[in-house]
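This is the structure I have questions about; it appears just below.
Labels run A, B, C, D and E following the written order; every chain starts at residue 1.
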């Protein structure tokens, strides 16, 4: 045998294996690989291998007009695409000094939070499936689909909204849309007890998840972990609150914290964040009818638009953590440089390698899913 | 829920209640998509103008422009028979093409299912039309352009003008021209479709110079401009801007002010520099013809260049009659082609109708002088005050020169021939305009009526109004036109400005008689007009006799059209030439029936400066071809 | 350290480390731009981490300023206590393209430096792992460098679908057909850079509109 | 009594029974597979596969053009996996057919039911895929875990009925209706049996050796075509065997086919329903769990029997 | 150590024809999809698999290893790195196998047509049976695609897997162009083609020559328990 994912095993006398988790492996989130060396059931060495989803986004963005990249960026993180376009737009707005109308900001919040709910529902399902329980995945994906229906209705696309432009959003919400949002949100909230019964209060699951992939707060800070993973180690930090953007400073929500830093704590944090997101969406739904005005600040003809020379570092709290766009313009029609700082880049490589090492084979997938790693974000 | 919670083994069993509950599964057939869904493309073929903006905004290079011969192709209206074909092997359904579409003809449907085998992969390449991808229309429209999503800026930058009180009694230029910011904003509206280029008789490189203006490189813009038009100062002000009629942005909004942008570019570069650039261009063109493509900008002063130029010159000389836009453009081109040109002009200054027909508040003479200066400095020789037929005959020219171009313009006004039109106080507009620009003054009575509704009528009316205001402090000028308000021939701005300056406009009036009492002109009698054309579209005005009006006037000015002064042609030549309705008949290259005589400009095309320039180009090219043929 | 102390501290930093320039962003009060000489970076980072609590390295961005022959490295640092971001800019020569790793100070740098190394070819001395991560199967020059032309690479290595559907055949028979192929609007490198205008990065229309249209219909072409 | 039965049945009848019993078992097993998938679908709020889906799957797999074999041992392993159960079917008395149950008895049956796992281990080992190896070692560990309570239960039942003859056990249970059922007589043993059943079927929470997310379905990783088909068949047999054995041991078997099948489906539904609402335990948790509760309950049950 | 057994279709024999019919009937109704997310289109697969659009109704279910799968679903762009794995995967799948290319990217490069990192036309590297348009296609579109694949299989029209053997040289050539001349997979495709009787004019060629020149012999697997 030759070839990569089928390496000939030279079997040493010990019970050491080399296992390939991925790229084609059900225990891997997306198209990603983890080569692990196993002694018995215990992993002695792990090495992440990315690039399977590499498309050269940053290069592509340097080759396209400022506005064309709007349709490109959501692809960077498929499960949670909305923060990408919002963040990219925010970066351009900062460089060119565009003031986003208030209504657009509220709608962006709505979009971001719906996307977060969808992403979290998806993550629960994935996490449950790694422990052998598939029903939450079936439920979660089906319920997430209702949110995708909402996206379809107001942005025109189920997954990739491509709804933001620098300066605002592209379309007015359809008639009666906010009622539908409330309906779906209510439904999802009413489903949560059922999820709790099945999943979050499942003794077997808790037994599986507790103590797996423990990240201490110290370690997280050292490794640059952000988002729910950081909050699960007891640090109450949320960009929405601490580096506020859009209208988050006008919204009332809590930053959810857990102390333990293991897979179970991370999942719990997400579970509570889901509720917070629902709370935020409710506030947006209540506030939006009273916020009138423009949806979009005028921008020049996109074919000719030159963003003035400058740079900005825009940050958004995505469902995975701190998402940042470093955009540099040299005054040209295309970005000179766009650097995407995906949150997963931190926890899907170094952190994952560390957490997995010393753990058990059966916890690899769970660790990865509980970290909510998003490989396309790493590969870009 | 707390971290310390150990969960329960029984709680999960509650999920078994779903055994008795309905499934949430959808049917196997595709659901109808939401109203704003971004599915496959739709394109209203009748509305699409083939501008290819969709192609430019497409970040995936998914759109090819396909020529559909069965569809109308009308460059003058900015309509091409190109339609976007979408490659669904590239498309990402972002709908940016829909949002940029200048006509709103593109939209996306709610249809989203398409599958095919490898053999049918061609079905991924689609020419969308009004029907959905797989025919039929049951899917309905999805994403359409909304006001918010529209990516185009449809409103023109306002052009600053002198307020009426500052302009109504003098001949200062009215239009201020763009400020740099305005020019930048206006240039940025362009979608670079090139419809203007197609519509322009001279094939102006408008998209390119707009791009250069936007890039802040005015010199480059001037270079682009000089590639097709040596009368750029003039055209930047008084061009009839066919380009703007064709502009795709104009389909839903106001077209780009292409003329003003040209003016901005020309005004933004110092005249000496323009001259340098233009002459550089001329030399480059000359040398390119002789030595093939030159890539680097040429330094004119270099001695080698002079030698090269000498080699490139053919040594032949061409005579041109009339130093108007057509004649001088031809001269400019011929110089660039290596000929020497001699222009005969009967008047003391060059410019032809642009000098003697356009009031200086629209075109300051200084601008015209700049253009003429550049042309003459390229080597063109103008002999002023020489009248053909009197000082020198055409036959002499024929014998002395390799070819002769007739570009005599339209300097005679047409008459209405209504009763009383022969009276000395019934004048022709062109005549008065010429008088004014030659002498800088004009005597007008207190009450003047102008017959005609075109731009010339407006020019004379506004000139008269100014003079009246200067002389009497009050304006009493009335313009009567056959056309109704909506179909007025003159540009809307002209009408607006005329009204601001105190000119009274009476639309839909048919002149019947210049009423003369005691040998003095008293008034114009006119009837109301019901219709101008008959059912077949022929000119046959139908009057409403009961609606009779008298407009008192001590002077009536006819501004209903011009004709050329063919007196200069000798009888022999007149007979040898072919005529059509009083105009010289020429072929598509501007050649007359005589193999040494070409005709160009207003005298063959009717009044239009940009057409005259185009004619000049055409004739020059034709002469060059002919002479090369003769040389063997 | 509170915010005002931090501001004073930051204002004072150039006295302690020569060549540091601080610019506060006027758009976002939580952003601070710092420019400094490359050899002072570690000193600066030590100070900023040790004294001002900037423990979070958000990202290291690399910008290729090919015309200057330099890479710009931007270190984005965040303080959880102050909620302030410092972007420290340094410039490193593109040739030979070396710099020192800050992995000892900030462990996330391991990922970013590895990434920059494979994307730009900028080597970091002292980094724990400079092996390829994403581009393990890539043998060309680091693709993010500006001199690497992705479109050219694509043109050389891949082919496109050659569609020939029925409707197109019919149109061709009628005298129509594809007039402006899709790539033409975008493959902009070949645009003539005549008269000094730099169109390499100006792709408003992609190419010379008029000359292209002339091909479509020469009838309306003027005399130029 | 044993000899009587033997004399009453001719050899040809036995041969027919030997042929029929596995066939019936296979068909019923396929329906059970469908039943399982349908239950899963219901719990997961969806519709689930069409009626003949398990059959389609098996036929498709056997009809694949490419059949990748990893050697003779691989083939033998699969044959053992299926064969073990086919043999087991002949030892499982059903209404109207006793096959060779009388001779085999419950002990033989217990042994036969271990053969598939061993066969699988042989076959998988030949594939040299580390995932398969891990999977099979987990499977063997799991077998070790659930076999101890299983043996205790079998012992307890045999002790209670004072015979290892399954036909006899069934007959005894059918004497006094429900009251004579093993489940009523020895509720603790029946309870332990239920837990063992879960493990024997390899359903969550005892699914660690399949574990797609960890070891890419473990033993099945290299199986394709008819080998996978063989495993599918084995699964059908497994469900049938486990269910009918449990019914025979604790629910009085079936006097009619209807009764037997009804009971079997009820029995088999229990692990199936549990499977869809639980994740899997780790191996050591599984072993600890099996050696703790079912063993304790089983021993207690045996004690009560005693 | 690797054996491939093929049941050759014997034409004319009624029994075997009936058997083949049955086989095709079942094959169309039992399709295992390889659970491999090659690109972003994979995000619409969970909805297809799960409750809302439940593809198990069509007899389609996900499988985790290539050996067990019938359908290779290429969900969008394949980076060159992934393409190698996809090729390995494809060759390991048992015939008859089907490839579905979903999303724009599999047809003509899609969004990433300018990217140095992604392959542009999937059918240059492996024969594709069905394309589903969309970026990405909605679950309903995928379901429709699966249904049309099922129809094609039942009609016996989906036999593109044979093309891989018949034109192996072409596919291998394209692979070599991307991966280099040293490229080889553990699967002896030529041997399989001979075995199936699917050696066509395009099976051998210059590229297979390169392969045979540089090829390392296959090593036997070791047994290990």
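As a working rule, a residue touches a chain if its C-beta (ideal position, glycine included) is under 8 Å from a C-beta of that chain, and two chains touch if they have at least 3 such contacts.
These numbers were taken from a predicted model, which means no experiment stands behind them.
Within the contact network of the assembly, the step distance from chain A to chain E comes to 1. Counting steps between touching chains, the shortest path from chain D to chain E takes 1. The greatest centre-to-centre distance from chain B, using averaged C-alpha positions, is reached by D. Looking at B-C and A-C, the interface holding more C-beta pairs in contact is that of B-C.
For this pair, chain A with chain B, the centres built from the Cα atoms lie 54 Å apart. Averaged C-alpha coordinates put the centre of chain C at 62 Å from the centre of chain D.
Look at where the CA atoms of chain C average out and do the same for chain E: the two points lie 38 Å apart.
In chain C, the residues touching two or more other chains are 135-137, 143, 148, 150-151, 161, 186, 202, 204-205. The residues of chain A that reach two or more other chains are 9, 25-26, 51, 54, 56, 59-60, 63, 65, 71-72, 135, 138-139, 142, 160, 198, 202, 204-205, 207, 303-304, 379, listed in rising order.
Taken residue by residue, chain D touches two or more other chains at 41, 43-47, 128, 133, 212, 216, 276-278, whereas all remaining positions touch fewer. All chain pairs that count as touching, in label order, are A-B, A-C, A-D, A-E, B-C, B-D, B-E, C-E, D-E.
For chain A in complex with chain E, the residues that touch the partner chain are 1-6, 8-9, 11, 23-26, 30-31, 51-56, 59-60, 63, 71-72, 75, 78-79, 122, 125, 137-139, 141-142, 144-145, 148, 158-160, 376, 379.
The part of chain C that touches chain B in the complex is made up of residues 161, 163-168, 171, 174-183, 185-186, 194-197, 202, 204-206, 208-210, 212-214, 216-217, 220-224.
In the complex of the two chains, the chain E residues touching chain C come out as 80-81, 84, 107-109, 113-117, 119-121, 124, 177-179. Across the interface of their complex, chain D is touched by residues 9, 17-19, 25-27, 38, 41, 128-135, 138-139, 142, 198, 202, 204-205, 207-208, 360-362, 364-366 of chain A.
On the side of chain E, the complex with chain D involves touching residues 1-7, 22-23, 26-27, 29-30, 50-52, 54, 56-57, 59, 61, 64-65, 67-68, 70, 93-96, 192, 196, 221-225.
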